[in-house]
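In the part that follows, the structures are each spelled out as structure tokens.
What follows is subunit A paired twice: with subunit B in the first complex and subunit C in the second.
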Partner chain A sequence: MRAPAIVYAADPPAARIAVALDALVAVYHRPSGVTHLLAAPSPELLDALADGPADAATLRDRLAARYDLEGDADDRITATIDARMEEMIVAGLAWTT
Partner chain B sequence: MAQDCDKPEKSPGESDAAALGVAGRRGVLMLGAVAATSVVTIRPALASTAASVLNCKIPIPDPAHAGQYITQDGRLVAAGTKDAVAPPPRPITGDEAKKMINGQSPAGFDPSSREAYVNYIRRLQHGTSGFTCYASLQVPRP
Partner chain C sequence: MRHALAVRVGPVGFRIGSAWPSPVAASRALYQGYPAPEDGIPDLTVRLYPERPWRRWLRPSVAIGGDYWLPDAAPLPLAQALLAAEMGMNLQVALGWRRHLLLHCSAVERDGRVLLMSGASGSGKSTLATLLALSGWRFLGDEFAFVSLGDGTIYPFPRAASLKNEAVAAVRAAGGIVGPVLEATPKGTIGYWRPPADAVARMAEPAPPKLLLFPRFGEAERIEAMAPSETFVRLTQASTNYVALGQAGFSALTRLVQGVPALTIGYPDSAAGLAMVERLWREA
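Coming up: the complex of A and B.
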């Protein structure tokens, strides 16, 4: 029933400079020279992609290995991750494979 | 109380650089709602004027490497290297670079060199001549 999962990828962490600003993280993306302000869980999603391209379910598992995820039911979590990744694609921080 | 599973694993004073400081001390990650936007892009001032993008120039290669040829994957090599292409006759404007990136071949440039030029532009790094021009092309515009 489920649509094919979108697989996301991002530049390695070395391509970014991240500075925590209280609740936000300023991320300078070296390849584009553009700075973005990210709120949770986007910086964590970018970091989770350091282990390689992944779909929303895999990203959820990677995050769950590091954090206690606080959110909705499981299918809502992957929908939220998809929404956050879509934003980062528009911003140029990630792409689909 | 003491057996609570969300007890902090680390003392509050201990920093956890890997977590980037956003997740709480106990490693709780708030995922938020689907509709909650979490990315704001800070646009470089240069990108705020359309004119700067149209008129800025990307020299290929940068002046320090004038005369060098460009390989298909965008690296600079000695003039005359086999399978590498000659530099364009003049710097590429931001508008022309945009067209090339989009697969078009603006007048005045050898269409067969387009890919090498585009790959050169993509490899531009901060501090290289033309980088700011290229970066401003990358910023999404409303």
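Coming up: the complex of A and C.
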């Protein structure tokens, strides 16, 4: 039996200010007052959560609707999404529901 | 406090109070010609007081305090009280100022634009700023750049430049008058260079930044562009109030790193450093 997928959530986009500096995006998180430097696809994942809490597969579909995700198998993409979301949970930018 | 001096440097009104007359007399001489705080009301207070009551007379030992203080700030002998007063002013600004984003930078201006130089002690940022001021640039300060939270312009904070060790001779060789000089301080030899009258007279005139350098004295000549994200991280570390300013600090700093090119420069001596700065300024 497969473990239920982890469902992620984040503050709405208005809770953050994002400024693309180069390959890295500076993100000011208003609720905590903490500044983060994020690389793709983390800022995009946070934005994708604006449509509501989602698991990695749903986030993959939301990203695919906006970006070209060619080149990787679906399970590798969802594994990457899980890894990035785990980092953002540790940083205080996201949580699980 | 029994002895006191009120003085304004750039946007900051200071009151320096002391248990002894000599620190105030030394500061009064160093800040001769500077205006009083606006409306006579200082923003920040520096207190120089005996570490213990009997240390006012017996081997006098100057503790540094004020509106804000650090628990591990070491006291200094009375002979180095001017350094104590200067360190006290830095401490109060670093811990207490909230009206601008503070960057630990030296700053000079030419043709209405500002050159910022950031680096740790020994990087040469004070020496380069002083030498540039001796060759026609307007001296804005050697310790803090005050970045406007509204429009990103740099406000002057033209305190006396604090020159350490070999920098004293380098500035004297360029025709600068350095004094007083304090020997055997915790930071080595320190000499103070008073900014020109023009820098003091124009201390309320800000200007927009044009170029940011991270100088590294004593290295082979090299110039390396710094990515905006690395510049951003470096400047958060070089700011004493970035975290306290919250969103306003974030907006001011991202605007600065997006709009101003940043370079690391290695230079073996002051002459080479000056030549590199002049060339980079022309090309920026």
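Note that the second predicted complex is superposed on the first by the 93 of 97 C-alpha atoms of A that agree within 3 Å, B and C clash if a C-alpha of one lies under 4 Å from a C-alpha of the other, contacts with A are read in each partner's own complex, and residues count from 1 in each chain.
The rule we apply is simple: a residue touches a chain if its C-beta (ideal position, glycine included) is under 8 Å from a C-beta of that chain, and two chains touch if they have at least 3 such contacts.
Only a predicted model underlies this, so the values are computations on that prediction, with no experimental measurement involved.
When the shared chain is aligned, subunit B and subunit C each come close enough to touch A:35. In the superposition on chain A, no contact is made by A:9 with either subunit B or subunit C. Considering which of subunit B and subunit C touches more of subunit A, the answer is B. Looking at the shared chain after the overlay, A:66 reaches subunit B, while subunit C stays out of its contact range.
In the superposed model, A:17 lies in contact with subunit C only, and not with subunit B.
When the shared chain is aligned, subunit B comes close enough to touch A:77, but subunit C does not. By the document's definition of touching, of the two partners only subunit B reaches A:93; subunit C does not. Of the two partner chains, neither subunit B nor subunit C is touched by A:57.
Residues 23-24, 30, 33, 35, 37 of subunit A lie at the contact with subunit B in one complex and at the contact with subunit C in the other. On subunit B, the positions that touch subunit A within their shared complex are 6, 18-23, 26-44, 125-126, 131-132, 135, 138-140. For subunit A in complex with subunit C, the residues that touch the partner chain are 17, 19, 21-24, 26, 28, 30, 33, 35, 37. Looking at the complex, you find that subunit A touches subunit B at residues 18, 20, 23-25, 30, 32-44, 47, 63, 66-72, 76-77, 79-81, 83-84, 87-88, 90-93.
Per the touch definition, subunit C reaches subunit A in the complex via residues 227-229, 232-233, 236, 243, 246-247, 250-251, 254, 257-258.
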